[in-house]
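What follows is a single structure, and I will ask about it in a moment.
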Amino acid sequence: MDNIKAIEVKKLSADFKGGGKDLNVLSNINFTISKGSFNCIIGPSGCGKSTLFRLLSGLPTRDSCKISGSIRVLGKKPETASKHREIGLVLQKPTLLEWRDVQSNIALPLEIMEYTKEKQKEKVSKLLNLLDLDEYSEYRPSELSGGMQQKVSIGRALAYDPELLLMDEPFGALDEINRRKMNNEIIKIWRKTKKTILFITHSIDEAVYLSQKVMVLSKKPSTIHKTINIDLQYPREKIENSSTYFKYIKEVRGYLNEASY
Amino acid sequence: MIIQKDLSGLFFWFKKSNLVKIFKTILFLTILLLTWELIITKFNIPKRIIPKPTDLFNFLQQEFLNSKSTTVLTKSIFSFKDALIGFFLSLLVGTGIGITLSKSKTVDAILFPFLFLTQIVPVPALAPVLAAILGYGQTTKIFLIVLFTIFPIAVIIKNAILNIPENYTLLLHTYTRKRFAIFKHLILPSLVPPLLSIMKIVATSSIVATIITELPLSVKNGIGKDIYNSFNNQLIPRVWVSVIIISIISLLFFNCISFFEKYITTKYKYGQY
Amino acid sequence: MKQVIKKKYTYLISIITVIVFLFLWEISLNIFNISRAVLIKPTEILITAISEYDIILTELFYTAKEIILGWIIGNSLGFLVAIIIYQKQNIARNLVNTFVLINSVPLIALSAILGGIMGTNIDQKILIVSLIVFFPMLITALSQLTTIEDDHKDLLLTYSASQKDIFKKILLPKSLPFILNSIKVGVITAIFTAITAEFFGGYGGIGIFILSKKGLYNLPLVWASIFYIAIFGTIFYFSVEALQKKLTPWQKL
């Protein structure tokens, strides 16, 4: 068991300067994420979830954003980790390229990172297999449902085998049944690939269903209000109606309510 | 988040950055004119090929100090007037056609060949045959201007109506069965954005059409015909001045429409889903 | 399958409408006793078109050269200039506005000015057609190349994509439908520009032909010329549309 944490955040604060006002978005955030774990961040709307997401992914923020504290992804700065192809992103919208079919959409990062054609084919077919998308490999995005498109975008995120998967409310646009289906899919993928996953969500049910650890973010200026460890077995389809499950839901809901006022 | 409130209305012109822009443009134009003058004089380029700015000013002097009844300016305004009539008529009829096209695919299929023909048969070629039917007067000219500009309007309106999100239509249907009410409260407002965006294009096309049609129709009071005549009579400074005047009119018209568009879209959110 | 049937159905309706229209046109001239100086029958137009085909087509061929060459040059230059400019994002935005303003002016009037400078030969016609096709293409291409969806930008940043990658894999495919549409509309623009430019004088072409014959009130000949122009235009336009469908199969046209 090596000691490098997947994510290590210490005393992270983020301020936005603009229009004469200072906005303190994140304040003294501290948490660690171990490799191979599944974690969720949940919080009221308008808390700095997206800002935190952008900072962790190594994406540039607006110029007016001042950061203090440290973020380390696999021991490196997020931008470096990103350059070393260790971060995969799944955003709220699938954002597939409509002029490419499913397999070329998945292959997009591989093309840019200059993998050989054979390597690309190999990785893409492995992913299509993992995601049960084999028969859809030549479909265009416009021919797929929202849930399927998100599956493809997950495949694209996994194409270059990143250690860390950052997901920002990827299933928010789906209805309950399809959302649950996708939740089961992502758990299946996680257990097979053993990636580290940090999942941002609005839904208490989703947070409890998916993760080993739930971090509740308070409203602005956001801190980690509470970290809850979910000690349930996978797969959780069997126990989602059990009383232990509901106990966790109540717990998370309680802390979320506190964090929102 | 604080949103900077922009100065609006007349004060728009007195904002510092705009004054700087205007000053820069004037400076640029002056330098341009001086360079132009110098190059022509130095290389002795004859007036009939490229006139100097002084030639143009001389012509302007002659034209306006002789107090004739029709100058290049009055002719340009005359052409612009026709363009304006065509502009509004085209928007009106085009919208009507667009609405009709959106009603059923069959109607669309019936009208489509005729609309397509208005595009593919070039208006200058159509002018003489239309003049044989409708005469050589203003009616034919306006008719041709409308034919020239109508197709994009009809298409954009049709698409805008077909693209009204279904939930809005359903919502309105729960309030009323009266088709007129739905028309007034849903369809009309949703026509505003496409009309505003196509207006700019129609502004230019209507002026282009008025010039084009004046040639075969021999419209004596129009600037198009005037340019044609002066060109054939080698009155090149007159040609240049006419082109500049009608271009300025066109620019101003276009800017007015752009300004109007910006005003309406920021103040009212008609038809924005 | 349903969509294919619907498409064929609409084509059929369009064709039937045109035939009915031509039929009514033909008959109404007899019924209403309209003078031949006002309107002539479609059949007479067809007869004239067939009998005078050599004269008309020679002139049309001359104009077609102006149209096609001007269209090719204008579109290619518009696209090339857009590729050169788009990288300087800050200037590019302002330049788009300038080009829109230039395009708002009736550039067709420049025929007279260019005619004074270089005469009214075929090069002048090609130049004016190129100019008038150039600006809309430049504006379309430039505005497309300078915009990219935030999500796409973010994703490509995580792949450490180079500017060339972004251009090849995102900007170009995304702009393609708009660029092709501009090319298609350019066909219409090129046709009426060439004919109008010929009205200012020239050494040949169908515009000059019509203007001269028109003076003689030879209505059948003008109609026949229009007939051939329409056929040329339709073939040209739909060829570009077919190319459009082939290159952008993901777009619903």
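By letter and in written order, the chains are A, B and C; residue numbering begins at 1 in each of them.
Just so we're on the same page, contacts are C-beta pairs under 8 Å (C-beta built on N, C-alpha and C of every residue); 3 or more make two chains touch, one makes a residue touch a chain.
Keep in mind that what you see is a predicted model, and the values were worked out from it rather than measured.
Summed over C-beta pairs in contact, the chain pair with the top total is B-C. Farthest chain from chain C (centres taken as the mean of C-alpha atoms): A.
For the pair chain B and chain C, the distance between C-alpha centroids works out to 19 Å.
Separation between the centroids of chain A and chain B, computed from CA atoms only, is 51 Å.
Rounded to whole angstrom, the centroid-to-centroid distance between chain A and chain C, based on C-alpha atoms, equals 49 Å.
Touching of two or more other chains is recorded for no residue of chain C.
Residues of chain B touching chain C in their complex: 48-50, 105-106, 108-110, 112-114, 117, 119-126, 128-129, 132-133, 148, 200, 203-204, 207-208, 211-212, 215-216, 224, 227-228, 230-232, 234, 236, 239-240, 242-243, 246-247, 250-251, 254. Remark: chain C residues 149, 151-152, 154-161, 165, 169-170, 173-174, 176, 248, 250 touch chain A in the complex.
Across the complex, chain A meets chain C through its residues 57-60, 82-83, 87-89, 91, 93, 95, 97-100, 108-109, 111-113, 140, 142, 160. Here chain C touches chain B in the complex through residues 6, 9-11, 13-14, 17-18, 21, 37-39, 101, 103-110, 112-113, 115-117, 188, 191-192, 195-196, 199-201, 206-207, 210-211, 214, 217, 219, 222-223, 225-226, 229-230, 233-234, 237, going by the rule given at the top.
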